[in-house]
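All remarks here apply to the structure that follows.
Going by the order they are written in, the chains are A, B, C and D; count residues from 1 in each one.
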Amino acid sequence: MIKAGIIGASGYAGNETLRLLLSHPNCEVVAVGGRSALGQKVSDLYPSYYEHCDLTFVSDEEVIEKADIIFAGLPSGLSEKYAKMCDEQGKKFVDLGADFRLHNEEDYKEWYKGEYKDKDLHQKQVYGLPELHRDAIKQASIIGNPGCYPTSVCLGLYPLLSHHLNASDHIIINSASGTTGAGKKLTEDTHFTKTNESFHPYKAGNHRHTPEIEQELSLMADKKVTVTFVPHLLPVNRGIVSTIYVKVDKDLDEIYKIYKETYQNERFVHVLPLGKNADLKFVTYTNDCHISLHMDERDHTLIIASTIDNMIKGTAGQAIQNMNLMYGLPEETGLQMVGPSF
Amino acid sequence: MIKAGIIGASGYAGNETLRLLLSHPNCEVVAVGGRSALGQKVSDLYPSYYEHCDLTFVSDEEVIEKADIIFAGLPSGLSEKYAKMCDEQGKKFVDLGADFRLHNEEDYKEWYKGEYKDKDLHQKQVYGLPELHRDAIKQASIIGNPGCYPTSVCLGLYPLLSHHLNASDHIIINSASGTTGAGKKLTEDTHFTKTNESFHPYKAGNHRHTPEIEQELSLMADKKVTVTFVPHLLPVNRGIVSTIYVKVDKDLDEIYKIYKETYQNERFVHVLPLGKNADLKFVTYTNDCHISLHMDERDHTLIIASTIDNMIKGTAGQAIQNMNLMYGLPEETGLQMVGPSF
Amino acid sequence: MIKAGIIGASGYAGNETLRLLLSHPNCEVVAVGGRSALGQKVSDLYPSYYEHCDLTFVSDEEVIEKADIIFAGLPSGLSEKYAKMCDEQGKKFVDLGADFRLHNEEDYKEWYKGEYKDKDLHQKQVYGLPELHRDAIKQASIIGNPGCYPTSVCLGLYPLLSHHLNASDHIIINSASGTTGAGKKLTEDTHFTKTNESFHPYKAGNHRHTPEIEQELSLMADKKVTVTFVPHLLPVNRGIVSTIYVKVDKDLDEIYKIYKETYQNERFVHVLPLGKNADLKFVTYTNDCHISLHMDERDHTLIIASTIDNMIKGTAGQAIQNMNLMYGLPEETGLQMVGPSF
Amino acid sequence: MIKAGIIGASGYAGNETLRLLLSHPNCEVVAVGGRSALGQKVSDLYPSYYEHCDLTFVSDEEVIEKADIIFAGLPSGLSEKYAKMCDEQGKKFVDLGADFRLHNEEDYKEWYKGEYKDKDLHQKQVYGLPELHRDAIKQASIIGNPGCYPTSVCLGLYPLLSHHLNASDHIIINSASGTTGAGKKLTEDTHFTKTNESFHPYKAGNHRHTPEIEQELSLMADKKVTVTFVPHLLPVNRGIVSTIYVKVDKDLDEIYKIYKETYQNERFVHVLPLGKNADLKFVTYTNDCHISLHMDERDHTLIIASTIDNMIKGTAGQAIQNMNLMYGLPEETGLQMVGPSF
């Protein structure tokens, strides 16, 4: 049994990791941390656990001491310290936050207003998107688990960019996310009366996931790719749809064929038949990504819709997929749930 | 491996049974029927299955032929024929509909306008609420899987009535259900623009689940119990809350103690600490039932709130719980999911 | 033109009053108060007003000075002081809160933990439910504007109790309200991810609207009537449905006839044809109340469903209806909107 | 009093026109048509009207006979006949559908598979977007009332294109609409369990509003402008947000200044302060359009968010705005409602 611990388990990301790990056949959650909830039971914060899980929030240090692999759901700037402790003790570390995603420290400084104190540590970080970096993940000890928006975008563009089918290196990305993406913190924008029957863009052209998206797109294209990225807040609990606009000079059938081939052996990425529309309804509560392809023939603009559950494939499920790879388990272990469709 | 088949798998009840069985470690779904969808793939109707499940809808007869246990999600009046076929072939039959729930044929005639053609067959039927009839279920070959509302009501009242703590034999039941309870059929009342931002009672004092509720309450109380039952349609996908009003002459602490004792060994029924409110948010996507108890001291009226996921504990999960009992498996096999809390 | 002022206009109740008064042909809003928002524009808090209303939040004293009638949307315990100021200056005062609703100070002490400092002032208070107390309202200078739940309940029971058609003096009231009822304050229970796809009772048998309901029901029945009242939180923005259970010894047709007669001249109260279900969908964004009647024949239990928009007939619309009466205007002035039905 | 009639008043568009006209001080609705509902009362289909409006659905011919101005909410292809009748009788005609929007019959043939039988009639049509074509509307007898998506897009781009501030003539438009846009017809995609907690694109790059958008954008830019337009279905009842991406070579402050100037005298179009996000929450239930401007500085891509209520500014409110202009009334008559903000 893998001994897993979760730091920041009182937040949504850490907590969803706990929830999914409780069903994982090869892993036991030995401790959960949550500074603001120290001494409380998990079920005090999240009543679904009532009489199912007796874990109590302990100190972060205790989590690291007891576990072999540590998941951390912390605000940006706080993970490095724990990653270092794990590294020194030979333990694996999966950061659910943004501190180990960007390879270029300048990007981190610009978008997160922080710095990499231990630069050697960051040399070890691997960007934990299995469909792109599977081999590196298997060897990794420190994983920067991808952001939710970047996961949907990178999976949506990987076949296109890695096959150099794009005719432009600037890409428009219009995304929409359910409110679990905004987390547990009470805000005016996530007060029910405000969010319900509402929809709006936020941080248009200015969201922190932008450099992460550009890093990965440029890697797959093997040249600089830039994006205009605009997220929107959806009045649903879960799910992201990224609608991506990119000029191409191939026709849709050819592109579709390459998408199907690229993902033919992937358990979690599904390219829908032409004519279908990706819909978050069909991936929520799963680790799946659905992709649909559409063409505006009049202008050779390819439209890619890519959808995931932001809390699972966009966070906790992907973290577990990474854990499975790091421990040599079948990648889908504990992640084989089919979504409800209604 | 148990070989399971599902008749009427194109509807919500049958389909949810399929979805859950796909994660069951001791059961294989060998065939699914769906007359209106013959020849179509399951994923054509329910896209979550895309590239995960290759089953195609076949004839009902083929389902019965291939399977050892058959689940039937059919409109009332259609199940008897299939139950008989199964009975003659020594196969187990779990009716997700209402044809094998009522022991008194007169009730069936009055509320469902049908009749019991094969009366011997109905002698074999067992009401499949494990917390009430566990021993009988273990021996059963024909299960009348309970209705969703009756499940929430019976679990909410069982400790009270079986310990004769009620001071009145007439009970007021105010229930609210998510729209999956209304099924797949398109209706004006479940058109999004109508249901969204809406709430209303329906079939007030006149819903078909009334005789089923009274049958079970009378059995547990060992005398005639009557109810006034009013369901409401909630603008959510899943979940039922039944708020039950009953005169008592004991105090709340004593009643609470008996509830906790009654359910102390039940995996799926959870009596919340006094002061908490049962909320469907915390049981949806699980086989759990949460119960909270409250007292209007001024009038000795006990208020019981009992909540379940109508599609799981109220339908498909309960059916699988019954299957587990019938096959001697641990009751919670394949049903251990914890809900998301958000 | 009536000169109206609103104290506590930064909250939902005061703000909805402002919004509706802006369309009132005989009334001008001369000032709005909001201590927490002093100096801000109304449109800073409520963007719908942007470029439509230039009012800025001023001090409560300034509001009273400028206006002839003052609406107050304040937490309980804070209104008495302002009512006194208005009374001394010969101005009319409509309290949207609970400080002038209860005639028996003991009830106020028990449920609101406060006291009536100026007992003479409370001698002047009139309970502002026009359908019950129209004549008194016309003469009133201090109005206790009814609570949202009590409005739905009192209108639902008035014909029955005033005609002594009830066979029991204890009544079960199961209500459900949209989240605007919980107000502007951020809470865990009204965080979108929590409220959405949720439903639960709260303060079961213990809600502050209980004594207000019992006061009015007892008045109309001319004897002591008690209730068990359980509110629930609905995942919608607006609207209340109260489902009321009461033993009767008349039949449904006779009761229906009396309901229709009682309300035949009321502009805002509508008794639906038998067979229809009251639904908040059809009264939201209006000052209407829809009532439907149902009978559980087996037990002579009458089921009354009564629905209003909690922010309009339950708060701001009713306050304006009271103002119209106090100023001798047609009762429906500024309140004639028809709801959208979708 | 203007005598108005509505053909197709049983559908959402016609019905919303009726609802708003009932509050219009200078207009009386003399008759409503609805072939599928002949002889029924309006309140039978839309219960909000119960005891408020006694209109009964009559034949289309009767509507035209009684009214001076006729609004038609019909499927495409059916309006020409009625427009001709009105034209011959000297009556005004406002088509809520698409039959009088496209000036180039070839576009109509391609996208609507129909033809213009009476070409002279189409010479008289005016595209009824007051902010663009106010003078022509004042003189018009036949109005093609704009589509909901095109209204949001045209208002969002008008200042930019009419001032030639765009650096590219191809524009990306990502829109999302509430489900009233899909109308009254029951479909699988608007079944509550499907739409709720869902989001997806549809008709990507292929929606019928595309030629209408391009017609108007080209007119304002005075050269050919093309768009890639992708609508999405939002799980809300009302409201559209169009997020528009266009290359520019001016900076944001300069563009903002021109937007403010362009719309400074418009009652219904509001350019939000820089830093704010347009949100449909704040325009629903009103005739307003909110526009917010954002810049991706790294790529000189201007992001315009434009939001309206699809049923009001996108349909019925705009139709009434057109009527007001045609009759020389103040443009805002009957349309001055402020939205609820919650």
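To be clear about the criterion, contacts are C-beta pairs under 8 Å (C-beta built on N, C-alpha and C of every residue); 3 or more make two chains touch, one makes a residue touch a chain.
None of the values given here were measured: they were computed from a predicted structure.
Student: Let me check something: if the centre of a chain is the mean of its CA atoms, which chain is farthest from chain C?
Tutor: A
Student: Any idea whether A-D or C-D has more C-beta pairs in contact?
Tutor: A-D
Student: Suppose each chain is reduced to the average of its Cα coordinates; what separation in Å results between chain C and chain D?
Tutor: 36
Student: Which whole number of Å gives the spacing of the CA centres of chain A and chain C?
Tutor: Distance between chain centres, rounded to whole Å: 46 Å.
Student: Could you work out how far the Cα centre of chain A sits from that of chain D, in whole Å?
Tutor: 39
Student: Going by the contact rule already set, what residues in chain C reach two or more other chains?
Tutor: 12, 180, 184, 193-194, 197, 235-237, 279, 342
Student: Under the definition above, what is the set of chain A residues touching chain B in their complex?
Tutor: Per the stated touch rule, the residues are 12, 15-16, 19, 22-23, 46-53, 180, 184, 197, 237, 270, 272, 276, 279, 282-283, 285-286, 288, 290, 311, 336-342.
Student: Which residues of chain B touch chain D in their complex?
Tutor: 12, 179-180, 184, 186-188, 190-197, 235-237
Student: Touching residues of chain B toward chain C in the complex: what are they?
Tutor: Contacts found on chain B: 170, 172, 174, 176, 193-194, 197-202, 204-206, 226, 228, 230, 232, 234-239, 241, 243, 245, 277-281, 284, 292, 294-299, 301, 303, 305, 307, 342.
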